[in-house]
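For reference, chains read A, B, C and D in written order, and residue numbers begin at 1 within each chain.
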Amino acid sequence: MKVGIIGATGYAGGELVRLLMGHPQAEIVWYGSRSYIDKKYYEVFQNMFQIVDSKCLDDNMEELAAQADVIFTATPQGFCASIINEEILSKVKVVDLSADFRIKDVKVYEEWYKITHKSPQFIDEAVYGLCEINREDVKKARLVANPGCYPTCSTLSIYPMVKEGLIHPNTIIIDAKSGTSGAGRGAKVDNLYCEVNENMKAYGVSTHRHTPEIEEQLGYAAGEKVVLNFTPHLAPMNRGILVTAYASLKKEVTYDEVKAVYDKYYGTEKFVRVLDEDVCPQTKWVEGSNYVDVNFKLDFRTNRIIMMGAMDNLVKGAAGQAVQNMNLMFGLEESMGLCQAPMFP
Amino acid sequence: MKVGIIGATGYAGGELVRLLMGHPQAEIVWYGSRSYIDKKYYEVFQNMFQIVDSKCLDDNMEELAAQADVIFTATPQGFCASIINEEILSKVKVVDLSADFRIKDVKVYEEWYKITHKSPQFIDEAVYGLCEINREDVKKARLVANPGCYPTCSTLSIYPMVKEGLIHPNTIIIDAKSGTSGAGRGAKVDNLYCEVNENMKAYGVSTHRHTPEIEEQLGYAAGEKVVLNFTPHLAPMNRGILVTAYASLKKEVTYDEVKAVYDKYYGTEKFVRVLDEDVCPQTKWVEGSNYVDVNFKLDFRTNRIIMMGAMDNLVKGAAGQAVQNMNLMFGLEESMGLCQAPMFP
Amino acid sequence: MKVGIIGATGYAGGELVRLLMGHPQAEIVWYGSRSYIDKKYYEVFQNMFQIVDSKCLDDNMEELAAQADVIFTATPQGFCASIINEEILSKVKVVDLSADFRIKDVKVYEEWYKITHKSPQFIDEAVYGLCEINREDVKKARLVANPGCYPTCSTLSIYPMVKEGLIHPNTIIIDAKSGTSGAGRGAKVDNLYCEVNENMKAYGVSTHRHTPEIEEQLGYAAGEKVVLNFTPHLAPMNRGILVTAYASLKKEVTYDEVKAVYDKYYGTEKFVRVLDEDVCPQTKWVEGSNYVDVNFKLDFRTNRIIMMGAMDNLVKGAAGQAVQNMNLMFGLEESMGLCQAPMFP
Amino acid sequence: MKVGIIGATGYAGGELVRLLMGHPQAEIVWYGSRSYIDKKYYEVFQNMFQIVDSKCLDDNMEELAAQADVIFTATPQGFCASIINEEILSKVKVVDLSADFRIKDVKVYEEWYKITHKSPQFIDEAVYGLCEINREDVKKARLVANPGCYPTCSTLSIYPMVKEGLIHPNTIIIDAKSGTSGAGRGAKVDNLYCEVNENMKAYGVSTHRHTPEIEEQLGYAAGEKVVLNFTPHLAPMNRGILVTAYASLKKEVTYDEVKAVYDKYYGTEKFVRVLDEDVCPQTKWVEGSNYVDVNFKLDFRTNRIIMMGAMDNLVKGAAGQAVQNMNLMFGLEESMGLCQAPMFP
């Protein structure tokens, strides 16, 4: 299977390369990077010295579509929508790691992202690639919208409770903490070592673009419109997202009942691990892997549930899930190339 | 003013020493440390080499009460309650950095801390030393219960909204992130560098002992019993607490109205800084200082307010506030010895 | 191939488990850990939840020798020497990750390690498992002494220059920086997050036990006794060793000549990468992988060469090299299970 | 005393502001910053919110010279040399934190810095502001060249041994590790959090510009030209420089003899602390303070001495030493405003 990557020199692109190097069926034929055209890929990511010998290429979609079976676009918002067309989709499958095709309501997309959608005609067709929930649709898709990092961790942590109608959806509050690789490899003062290290802050409070994405997905589960609070925080670590979510219970439930609900949805899922009672997810326990660790705690004093999830934002939150989607789209074993155990410490 | 410290070799004790070194009116006469008796203090904290030449001493309260004007107990729960008595209080003022005298209802204390209170007779007299709120009582106190780190940051972030009746107290959810110095200097695997670094986790979910302390203080502001969710997280940094708190608004309010409320309570406070609109508090901006930075964001989609606070857990969250209390108790200028600007980066 | 691990719950032991999970020919049959007998292995390292379901076992060598084809001892100094015997070696191959069989001169061992060697009769037989240098001997070995982390990185960085007689061996000065996982998982105040974070220090200056190990190996290359300076430093990171070594050149050499020397020794080595001119090794570029990146810089002003190496101390510096040795001992492909690309960032 | 700062929004400039806020005799009248003209200073460094209310100003030297008693230039190489002139120096004293006036041989400066010196006529007059060594000259200076961070720590660590003729100067090898604030606040990919965190690397090997500065200063001590190796490393921490230096002893010496030598030079120095035997300097022990901790270890096996120093690069390595120089130039107590104890942890 021949793979083309557009945006191969960002952190998500680099992680795609790392994972695909270990994938028995995939071969990368195109290292797309506008910023580093003609530069050896390993000069941009020296970890790939003597592993990848190719040069970075420009974004020639026709050429790429002719050479590849699948294209990953790990690019800024708007790019994939601006280059996608029927001819491309007739030749190659596309996994878009940007937000362009995640949100079904184009008005919501344009409102939160402040850009005009260039290819609204493909929005309906695109499948939201949260594999554990939309597996069957992904298998048939030509175009997969790879979920955002926060939405993946948030949705998987909360989904069973909403789907089973055990919580009031509009009481959901999601407090998320992310490592700094989520901010990308752009040279900005805010992301300098000395600004991030020994520091914690919230950002994008009540305005972060992942909010409508989470609301839409949980809305499908709830069968009604969901409005919630989502607050991301920047944490002084390279990788990892930790989600702590709160919601009011509709009725009294026991630990065992809720555990059974989580097991119902994830008991047979390889990549979602429901931890033992009272064990809180930690980002370090999933680092470098495609796992999401989830758990919950019932608080009878406040009649709320606290739902928690931990994930590597670059793997399950980006490149790993993209490979998982590719595997599904091509009829391969879903976990192919994704079986690394997490690295600790 | 002669100062004795019991528990001088923990992180909070060390910070007391650092701050008191720069205090023009204070002189430390007793470096109490059961673990390091007769060892030079600087051998335990080498930053104090050639600054402190004293040896660590055992906890001889009679001797200490005879020598000192004020005693700080930076000790585990239960210690201060076990050694305090009328004779001591008749000779010296005491600032207890543990939780022993923070909670007025001894049953609540014993339930959450799982120990029997040894001196309930002093609970009523003890003043909860959140200076910005209880300033006048602190001035008259013999025994001050120095607030916990999380309660200081949480209460100051939320207090104006509760006091003014703008939010429903029982919808309050506090999601807090702390640096690792809050876990103390005990040798535990969980606090090893490799376990904390590159890691985030929640802990003590729905069971953390600072919960009733926050509930009590906000209860006074609300004029009714408050029950809330408090979830602490361990963050990979030495110092700093970041609080992100959520609550439902009782009625529609504008940014200016809420800003006016925060300014009403903190406009003249030196150590509480209400940041400019849309500026989120960051722990790095207060590091090493006694400041608490607070701010808020209104989310009209969900009718909630997000209240934020950032603080150095060892300064305003422990030793700095203890010194601030001492200053008040002795009629000194409240900010004496506490005027260092935060260190950045 | 059945594998037993003694000391499976230290950081090196944990890394062995992680690597062997991805090894197509190896199956772990014994998770030895005195400290956690009967506890589920994943309760000690939660990254292994739903990956390893076994319990930790005591160190029953007879039983282990009966069940396993190879035993890894990731144990404190002295342990392997205390349990090894002819019967065990007649049944299983042993890779010892401790220092017990690294040093041929038992007096030197006992002097630097301050313990009496319990099995000096096996020292001669034991092969020093620096695969790139002793490959053929390792293939025939029953007992392999897996090199220390610092000696692996130091020796590989310097070896070609000594072997080719281009530097004066007794001018060698090695300044090494290590991540904190090298200090082990023991609960010590010195290794607490707050003590290591934002801190750098040298330790064991002129007395570190890896000194004679490096001297011995470079002595073989030099054909004469080598005495050198080795100074380790603790760096605030989980993984990685960076070596910066200095030596005086015997004669004038050009960059190309020295490059040719490094290529002569490492040009066909998978796991030693000689970087391009002027590219300095970085520990992040090899993290999680079995690679050692080396390079050098000639300084004509001082007539010295600066030799540099970077490595993951838990992989090539411990568990990865142990697996590499196992592969060689059993006639498997040397890189089997070790082909992960480094993780960045 | 009225102080103007040019380059107030870099990390060294920010540290000058922090220190001068606590200086009883200094008042900052000019926050110079070309990049942020007319912006409130606290918007650039939010730690200064409600502490500094001034706006950033352009670099109007005539105006500045008219208003200020002393000017600090915390600017890139070449700037100070390009604006200095006799008229300015006749009105105000200048402390230049750049390298422009550190090196007496203008050819050496131009060769290492690759720029043409614009004001060579002031090089002779300028005093190299390493206070502990050039105190008397600083007191009389109009123009002080504030030493570089690495040279300060390196020179102070090695100086007594060279001055007393106990080591061969041309065997000196300096291996230095610096926190990332030394790289400045410019937005570069290399200094992003994810590139620096969990990483160590050497840089500028044999070509770093601080090399000739150290050689010149040690040359004065030696009474002869000194050529040495200096290798800086980037460490994943905000602040701190650790120097580990090696040199061959000219003759046998005992610990006590060498200790006496260090005490001879530093026994009465407030800011240089010679640690107790076998205590290695740690950067955390001096963080936020103007101290340099030094110590040494004799290695009789190799006949070398290992000299170590730790310092906060932004304080003693930049802003703190600049204030110390200012104090000397104006006849104030040398330690005024610099007496903060180091912050730990």
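A few comments on the model shown:
Here is the rule we go by: a residue touches a chain if its C-beta (ideal position, glycine included) is under 8 Å from a C-beta of that chain, and two chains touch if they have at least 3 such contacts.
Per UniProt, the chains are A, B, C, D = N-acetyl-gamma-glutamyl-phosphate reductase.
Owing to the predicted nature of the structure, the values given are computational and were not obtained by experimental measurement.
Taking each chain's centre as the mean of its CA atoms, D is the chain most distant from subunit A. Comparing chain pairs B-C and A-C, the larger number of C-beta contacts belongs to A-C. One finds 46 Å separating the Cα centroids of subunit B and subunit C. Averaged Cα coordinates give subunit A a centre that lies 36 Å from the centre of subunit C. In subunit B, the residues that touch at least two other chains are 11, 181, 194-195, 197-198, 236-239, 282, 284, 287, 345. Chain contact summary for the complex, subunit D toward subunit A: residues 11, 180-181, 185, 187-189, 191-198, 236-238.
Contact residues on subunit B toward subunit D in their complex (touch as defined above): 11, 14, 17-18, 21-22, 45-51, 181, 198, 238-239, 273, 275-276, 279, 282, 284-289, 293, 339-345. If you check the complex, the residues on subunit D that touch subunit C are 170, 173, 175, 177, 179, 194-195, 197-203, 205-206, 227-229, 231, 233, 235-240, 242, 244, 246, 280-284, 287, 297-299, 301-302, 304, 306, 308, 310, 345.
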